[in-house]
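In what follows, chain A forms one complex with chain B and a second complex with chain C.
Moving on, here comes the complex of A and B:
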């Protein structure tokens, strides 16, 4: 065992210096990697101020300030949500995370979303419960203004709910776009998809915040959270539609024709024959789009919604903690790295099963 | 001699490329209208139209209730706010139309610099990730993995904090010769041309035009040769000598403006704000990681047999890359690269988060001032759409040329 590991190391070293170019690249990369590693060690270990030390020490040290994280982690997670009621966003976050993980693992396990109807019902229930728990005002729960829905729960609600609701809309758009017999429908859908994909997400968010309330009858009030959510749903749907269309176009025409020849109606053929196959084909790129949508949700800070990135930015606004921006951002970065890493792993697994 | 080995242009290593190749579905031509429209089709279109009309009706009602009249007249009113940096002369007393133009130019400038930087970073890491060094491969993989899993806004904010806290104040600016780096900006000397500067520029332009014309005519004629080496030397020499000669003959003055510390800031010279540099770094690294994956996918998709066949034909390493590998890789990666570039143009809008006056942040300010969200968003979205469409048209044309060449 040890000998084999030793062999591998020797062969790797030999490969690293096999030619002048290889040696040059190896040395440069090794130096860069070591320099980065050394500064990371310096920040995390050598200069670190440990949680049990006094916060004042942070001012003179160059490393990570654990007292800051001890003090502010709860604020970064839940923001200005009433302190005594923070169990509610905690439950909402936990619920959404658990359900997302379960759904992803089921998808990765294979088959076209086993028990899709049950899962959809659970999702619907959880989304409703999430909004009720966050907002309160019923069942004796104290009411909380949406402006105070901050941090992790709002990030999860906006990203997960938007993705979950954008998916069916995207499927409908994709189906509409490939209808050769309905030219008006196909053109409308194509025009919508191409427009949404050709503009930055921020412009769509601005439309949601500023224009959407204007399009409703006079006197109707829309909270910024709802407006943003609607904008995100319509924006992501265009991207999902293109992914699904990729799967639809990859399907042999015979599949649909055979289903219709068997006497299935259009919707039956689509639901039972076309979509299960097309969706399985497009799952890898759907996962890719989902990761992008999840990461981009952090842009909602521009329209005044305080998600995880925004609460991190607020957490070091306090003059006492002015120099602790990196700690706050590191926490957020770690969260994104882990959650996106999980999604990427699911994507890789799907990709493998799609190929075999 | 041109070598094109036509057989194996299929994508071999699907695991690498497929994720990036999938989004580029050919835009299928829409079905023809007219022969026989179905009732259902008309009904759905009518429904959409109805919703749009209803929305417009509500917008008009809401606006008149708020005492605002819709329309684009506001574009000619005085803007009254300043932008942090503009490529065209701009004062707060100029019109809204002009400030939108300034923002658009900033976006175009920012996007083109980011495009170059991210391509350089991406190609470098893409090459390293298929290169001979295992250490380099590991580092390239780690880089790609890191930036694929972080939101670009977070990267931007971290780099901004590091730049503002890490770089010295203006008065203690780091100086690299005549270049000064501080936490507010980087100031550098620029060349200022005196009167009549258009003459040498025109001369240079004429040389380029003549060379382009020759090349075009050559391509249209039967034998398709590239310019010979002597010809290239002549063109390069003309490009340098003609402007210099005309400059001497007409006595055009050239001055160099060097930045100097005056009071609280630098005056003279050119400057790029920290915000600008931080956005370029963010998008360069962020899209660099994705372009590295595209390049790696393209390189992996070329079968080893191609290199071996080229070697068997007696081609040198350089010739193999130039005539066999590069044409195939280029054709393969151009569509996903276009995707990346379009995303990059759209992503320059995150500049609003650090206060660089690009199109997005300018239009945000205008909305707050005039409360014309519908008009402003139509303009902004239209401009972004136009920019992306221009780029896509260019790459499509180039792609068509590449495929045509191969087909011959």
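Moving on, here comes the complex of A and C:
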């Protein structure tokens, strides 16, 4: 075992210095990596101010300021949600994270198709409970205005809920677009998809916040959170539709014809034969779109919703902690690194099983 | 019997005095038992959330002033952090009662029938900060300089107006994010940093060596930062005069720490102070007409403080901003500023 590891190292070294150019690039990258590593160690260990030290020490040290994170992590997570009620956004966040992880792992596990109906039911229930818990006003829960839904829960609600609700809409749009027998339906769907994909997400957000409320009957109040969520659902659905369409087009025509020949109706054939195969094929690209959608969610800051990046900025707006921007952003970065890392791990797994 | 009669008489008087119908906003505040006040989500010194998510600062204290005057409890101010364009929109749409978020009163904004500009709580203006090493003493010497400024505010327009009027060449570096903008300035990418004077004072502190930077004397715009409400005569009157009580308190040297002593010795106090706090004073007459607690003036000073107290607590010498009230336009008129304490009688 040790000999094999040794061999691998020697062969890596040999490759790294195979030619003068390779050697030059190797040395440069090694120096850069070492410098980066050293500054990371410096920041995290050597210059660090530990949680039990006084916050004042941070002013004179060059490393990470743990007292800042001890003081502000809860604020970065939940923002201005009433302090005594913060168990509510905590439950909502936990619920959404757990259910997302479970769903992703089920999808990646392969084998028999997951119980789609059961999963959809659980998702529906969780989404409803999430909104009720955040907003309150029923069952004796104190009402909390959506302006105060900040930080992690709002990021999760806008990203996960939007993705979950956009997925079925995307599937329907994709199915509509490949209907050769109904050219009008196919054209309409294509027109919608291309328009939505041709517009930047910022524009969609502004439309959601400023134009969408104008189209509603006078007097109806729609909170910025709801308006944004609706805009995001319609936006992501277009991207998902294209991913699913890729899967549909990749399917041999014989599959559909065989299903119909067996006497299945269109919907039966689609549900039992076509979609399961098409979705499996398009899952890797669906995961890519999901990662993109998730990261883009932070753009909602521009329409005045205080997600995780906004609460991070607010946390070092406190004059006492004004020099701790790096710590706040590092925390947010760590969260996105972990969550996106998980999603891409799922994506890689799906890629592998799709190829085999 | 006599006592009973007095009580009955007072009650009838009180009942008769309460207006049958205050303004719509005032009614809403009283029935919901809170003042919904829109503030800046992130403006150090003016309104910033603490670790428990509660907003504190100069601007938020005027939300607390409103709650103390109307509901008798400053803690009943429900402060919500919203962006600038959202604040005016939310207010017009009825999503808040008032905004205290450094909104400049301008003619076109005031002409909007959905908004009322009530009283200026802060006189600000736009200025410039430069490194001392640049050796510049006036903005007129800034020919050819690169200026870092924020997109999407009146800042850029003011710069364009001023430099064109002075016929000076300049280059603009437009960076939306404040942290990035300051970094560009401190690292020398821009020669000049433009913002409101108060922002310059607080931003300078973010440098590793604040003394290496100085703020030029030119103030190129007038920014009267004003409380805004949904139109409601009663509510506006309460806000305006609660603010005047805070200014008057400064005029007579009254603050939250000595108010109890002053009230205990009212008969010995000057007539003007008597008129502020006595049981048969002008403020009580006002309270009866406005439908607010009779001791509103006392509550405002006791719970929030006088104007200079609010200023010093949030921006003054003892804070990181270190601004001396009397060095700004926000001093009382007798101290050379623009804050004019209206008489209460």
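Criterion: the second predicted complex is superposed on the first by the 349 of 356 C-alpha atoms of A that agree within 3 Å, B and C clash if a C-alpha of one lies under 4 Å from a C-alpha of the other, contacts with A are read in each partner's own complex, and residues count from 1 in each chain.
The rule is short, and it goes like this: a contact is a pair of C-beta atoms (placed from the backbone, for glycine too) under 8 Å apart; a residue touches a chain by one contact, two chains touch by 3 or more.
Note that this is a predicted model, so its numbers are computed, not measured.
Novice: Taking chain A as the common reference, can chain B and chain C both be placed on it without clashing, or not? Answer clash or fit.
Specialist: Pair status: clash.
Novice: Looking at A:180, would you say it contacts chain B, chain C, both, or neither? Reply first, second, both or neither.
Specialist: first
Novice: Could you tell me if A:243 is touching chain B, chain C, both of them or neither one (first, second, both, neither)?
Specialist: first
Novice: Which of the two partners, first being chain B and second being chain C, lies in contact with A:54: first, second, both, or neither?
Specialist: neither
Novice: In the superposed arrangement, which partner chain does A:138 touch: chain B (first), chain C (second), both, or neither?
Specialist: Neither partner.
Novice: Contact-wise, after the overlay, does A:306 reach chain B, chain C, both or neither (first, second, both, neither)?
Specialist: It touches chain C, and chain B stays clear.
Novice: Between chain B and chain C, which makes contact with more of the residues in chain A?
Specialist: B
Novice: Please indicate which partner A:323 is in contact with in the superposed arrangement: first for chain B, second for chain C, both, or neither.
Specialist: The answer is both, since A:323 touches chain B and chain C.
Novice: After the superposition on A, what does A:83 contact: first (chain B), second (chain C), both or neither?
Specialist: Only chain C; A:83 stays clear of chain B.
Novice: Counting only touches as set out at the top, which of chain B and chain C does A:221 meet: first, second, both, neither?
Specialist: second
Novice: Figure out whether A:253 sits in contact with chain B (first) or chain C (second), or with both, or with neither.
Specialist: neither
Novice: With both structures aligned on chain A, tell me which stretch of chain C collides with chain B: 42-50, 186-194 or 258-266.
Specialist: Given the superposition on chain A, chain C and chain B clash at 186-194.
Novice: Could you list which residues of chain A make contact with chain B in one structure and with chain C in the other?
Specialist: In chain A, positions 313, 323, 325 sit in both the chain B and chain C interfaces.
Novice: Show me the residue ranges of chain A that touch chain C in the complex, using the header's touch definition.
Specialist: Chain A residues touching chain C: 71-72, 74-75, 78-83, 145, 147-148, 150, 221, 224, 303-304, 306, 310, 313-314, 317-320, 322-323, 325.
Novice: Give every residue of chain A touching chain B within the complex, in rising order.
Specialist: 12, 15-16, 18-19, 21-23, 25-26, 28-30, 32-33, 178, 180-188, 190, 195, 198-203, 206-207, 210-211, 213-218, 242-243, 245-246, 249, 282, 284-285, 288, 291, 295-299, 301-302, 309, 313, 323, 325-326, 329, 332-333, 336-337, 340-341, 344, 347, 351-352, 355
Novice: Which residues, counting only chain C, touch chain A once they are in their complex?
Specialist: Contacts found on chain C: 41-45, 48-55, 80-83, 86, 93, 95, 179, 202, 205-206, 319-321.
Novice: Show which residues of chain B lie in contact with chain A when the two form their complex.
Specialist: Interface residues on chain B, with respect to chain A: 14-15, 18-19, 22-23, 25, 27-28, 30-33, 37-38, 40-42, 44-45, 48, 54-56, 58-59, 61-63, 65, 128, 131-136, 138-140, 142, 146, 148-154, 157-158, 161-162, 165, 342, 346-350, 352-353, 360, 363-364, 367, 373-374, 377, 380-381, 384-385, 388-389.
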